[in-house]
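As structure tokens, the structure follows; a few thoughts come after it.
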Amino acid sequence: MNLNNNKSKIKILISKKTGKTYYSDILKDFHCKEGFIKKEDLSSNERIIYSNINREFLMFEASNYDYALKIKRGPQIILPKDLGYIISRTRVNKEFKIVEAGGGSGGATSFFAGIAKKVHTYEIIKENYELIKKNLEYLKIKNVKLTKGDLTEHIEKEKDIDLLFLDMPDPKIILEKNLSGIKNGHYIVCYLPSISQISDLVNFIESVEYLYFEEISEIILRHWKINSRISRPEHRKEIDHTAFLVFIRKI
Amino acid sequence: MNLNNNKSKIKILISKKTGKTYYSDILKDFHCKEGFIKKEDLSSNERIIYSNINREFLMFEASNYDYALKIKRGPQIILPKDLGYIISRTRVNKEFKIVEAGGGSGGATSFFAGIAKKVHTYEIIKENYELIKKNLEYLKIKNVKLTKGDLTEHIEKEKDIDLLFLDMPDPKIILEKNLSGIKNGHYIVCYLPSISQISDLVNFIESVEYLYFEEISEIILRHWKINSRISRPEHRKEIDHTAFLVFIRKI
Amino acid sequence: MNLNNNKSKIKILISKKTGKTYYSDILKDFHCKEGFIKKEDLSSNERIIYSNINREFLMFEASNYDYALKIKRGPQIILPKDLGYIISRTRVNKEFKIVEAGGGSGGATSFFAGIAKKVHTYEIIKENYELIKKNLEYLKIKNVKLTKGDLTEHIEKEKDIDLLFLDMPDPKIILEKNLSGIKNGHYIVCYLPSISQISDLVNFIESVEYLYFEEISEIILRHWKINSRISRPEHRKEIDHTAFLVFIRKI
Amino acid sequence: MNLNNNKSKIKILISKKTGKTYYSDILKDFHCKEGFIKKEDLSSNERIIYSNINREFLMFEASNYDYALKIKRGPQIILPKDLGYIISRTRVNKEFKIVEAGGGSGGATSFFAGIAKKVHTYEIIKENYELIKKNLEYLKIKNVKLTKGDLTEHIEKEKDIDLLFLDMPDPKIILEKNLSGIKNGHYIVCYLPSISQISDLVNFIESVEYLYFEEISEIILRHWKINSRISRPEHRKEIDHTAFLVFIRKI
């Protein structure tokens, strides 16, 4: 985990006039519509910095969250509101081994990798596989094993799984397999956009002895705008429906 | 982090007839209204187990989440929906040093400790301090430094803070201090139940140069009941309002 | 519509000390744990009134809403949040003829009757029928025709329907009938608690030519507590899930 | 109330291919990108109709709701979710006299007029006044008295008010006046977008004897997409934050 090395590379610039946020690489001079800033200035510790046309910018270092926002996105990414609840509801810790099917663009993968000991990600689509690989390299993440392939064919060989995360339309095809590689009492989390998918899944779970269905949750995020005059939910910044989270236990 | 040692100690029992969930210590015989189970049976790997009066129970091992639910609670606990978003929005990872004021009963503390490298918790109330200490011992958490005292008096000595978490009614008294111990670009998260508290806080933040106000979020959790016949939000199991989360960056 | 005659009969009393709300009939002396008030005093125009043990009460006249809260309740009542949206989304006005199946305890019936020209309510269960009858009498509502019977058997005889409201688990049994009594372009609204019920219904609607499926809505009500110090959503006063509203047009 | 006369004038056309909804005046031929339909055909009772380029359309009559959607909009309109709850929570009926300040573009006005006996609307801005006037004419509404002026100067002359509706940033300027024209126990409803506005208002209400503060509500509307395969909340069709509704009683 050496994101910290990365961190010296990007600075956040926020224009006082427009409120716009820019990401600048400190190894290069920065250009935007609001002017030009030399790389020497980007490396300074100043909080307030001025472009050549005298526009004022707030300047500070990029966080892990900023780096995560910068990864290349292919398929729809899983949002922090959902990722966070998966972690807190299954109580992931730094001893965990997580196995994941449907890596997408590596958003969940890289978040899990920052927390867990080891993540093993299966991705069946070549373009996504290449994207995840590139994003993990960009974020300098070392504790992810990335397999191009179908978890259905590999789940029975996986051992000592602390958390199985399934971002796929029909998780039943995995859950029908021998799941003895998942630790007793531990969680399988399914990420499913539609109620009808969950209905099918729950029916299946109730028909087998080795799975216990524990919770279906939906996380709704609301942003607020609060200052000295205004205090109300943001207009048109609500995060819409993403998916429901289904928590199942291996028994 | 050796919660795993713990894990052999508690088994979850779910009654087929009543649906009730029981926690049983495998070192002791288990008694409840639905009968008696010997400790030898609790230690077995059976999924289905019967009490002396022939009641059927599903049996599996407690998860970290179950252990966390079992800690003694004094003041109101911060819920997984909020804890998860703090982690995912600030992108906490296993290299983080977290400093926290207002430990409560140690719920957030123990969750953070499972993920971060080091947590330093300040708690001003003696009863709460003792409760946190006991809960951290129960959960066998070793990477928390617990200080009985007021963070206001100590914040200027803290160094290399990756995340500052403030669960206190008036976080301004901390934010007025010299915050050079917080890394540039990193987050301060305030947990505040009331809009009026946030309004005051935002006014203060906008008056100082070294803080950048980034986001106010509210996380709403909705549980669903879905089976072959029913698919609707749970009645009366919604988690109510807890608090708003304010994300501020040190610059 | 002579609810106004009623209105002189009940006064609201709110205790200054306990904040409790009492309903008092002005034709009778009022007794509660906080003392005794004579009927002569209840008829006065005073805003502040004192019981014999000197407890202070705010006093004012009951509104239509208060009278509606006082009706006897059998089956679950449809809440204002849902009733209001039915009215505003279908734009009910005082020229409307509404036909309703599943009267429950007459909550929706009496609300509709206050607005529409005429309401025709079908209720199949004897106890509910008697309850609705009693409640309509109590509220002195005259423009409701109440039929003990199954709308399935009567819908083909109904004429000039402006709005058909179906509060029943399987509205399809009505929608399969000849619906030429519903005006062209007008609405059928179904009140259904479960997504799976709606899924079945929508499939049916899409299979027939004379119905157009327009909208499925869920109304969520949130109460707030705001005063000089506090401003947050109410704890444990949120109204839970009731049902989804399905808007269909007759064509 | 003769919206029904209007109703023969507009037909709804929904394209089978694109799903697009068109409004067509039956007195004119209809033209769109999907072809041409003669006015004689628009007047027919056919459900399915074809354009000259053989595109299929579902055809049915406009509802009151459709007419309301067609009015010219100036300032932001109050949405059905909020209008409905105002009606149901204060139990408006066809005997009501409603007084309203801040008519906007007449959306609330025309909705109230369909239900109440009489609506008296005050609008201070000339452009809005003209817009409301035009919209009421278009909708053929006769029971609204529209005054160009400031309610602050007229409220003390108004009599027998059943509901006072205030859509204005600082309703206190009205509430400070002599409100004896509002019936005892009846409601004043304020429509306020920001928590801070409500906080000020509640402080004022608690300082006077003749007002009782009853409820602050927020109505959240969620649209669902449900068919044979999909069942989930709509993406990006959620209705955002509009305003909070404050219910106050005159005593």
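Letters A, B, C and D name the chains as they come in the text, with residue numbers starting at 1 for each one.
Note that a contact is a pair of C-beta atoms (placed from the backbone, for glycine too) under 8 Å apart; a residue touches a chain by one contact, two chains touch by 3 or more.
Computed from a predicted structure; not experimentally measured.
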item	value
Set of chains whose contacts include both subunit C and subunit B	A, D
Farthest chain relative to subunit D (centres taken as mean CA coordinates)	B
Rounded Å distance, subunit A centre to subunit D centre (Cα mean)	42
Approximate Å spacing (C-alpha centroids) for the pair subunit C, subunit D	21
Separation of mean Cα positions, subunit D and subunit B [Å, integer]	45
Residues within subunit B bordering two or more other chains	195-196, 199, 231
Subunit C residues within the subunit A interface of the complex	195-196, 199, 231
Residues of subunit A defined as touching subunit D within the complex	193-196, 229-236, 238, 240-241
Contact set on subunit D toward subunit C in their complex	1, 3-4, 7, 12, 14, 45, 47-48, 58-66, 68, 80-81, 83-95, 111, 114-115, 183-187, 195, 198-199, 202-203, 206, 209-210, 212, 215-228, 231, 244, 249-251
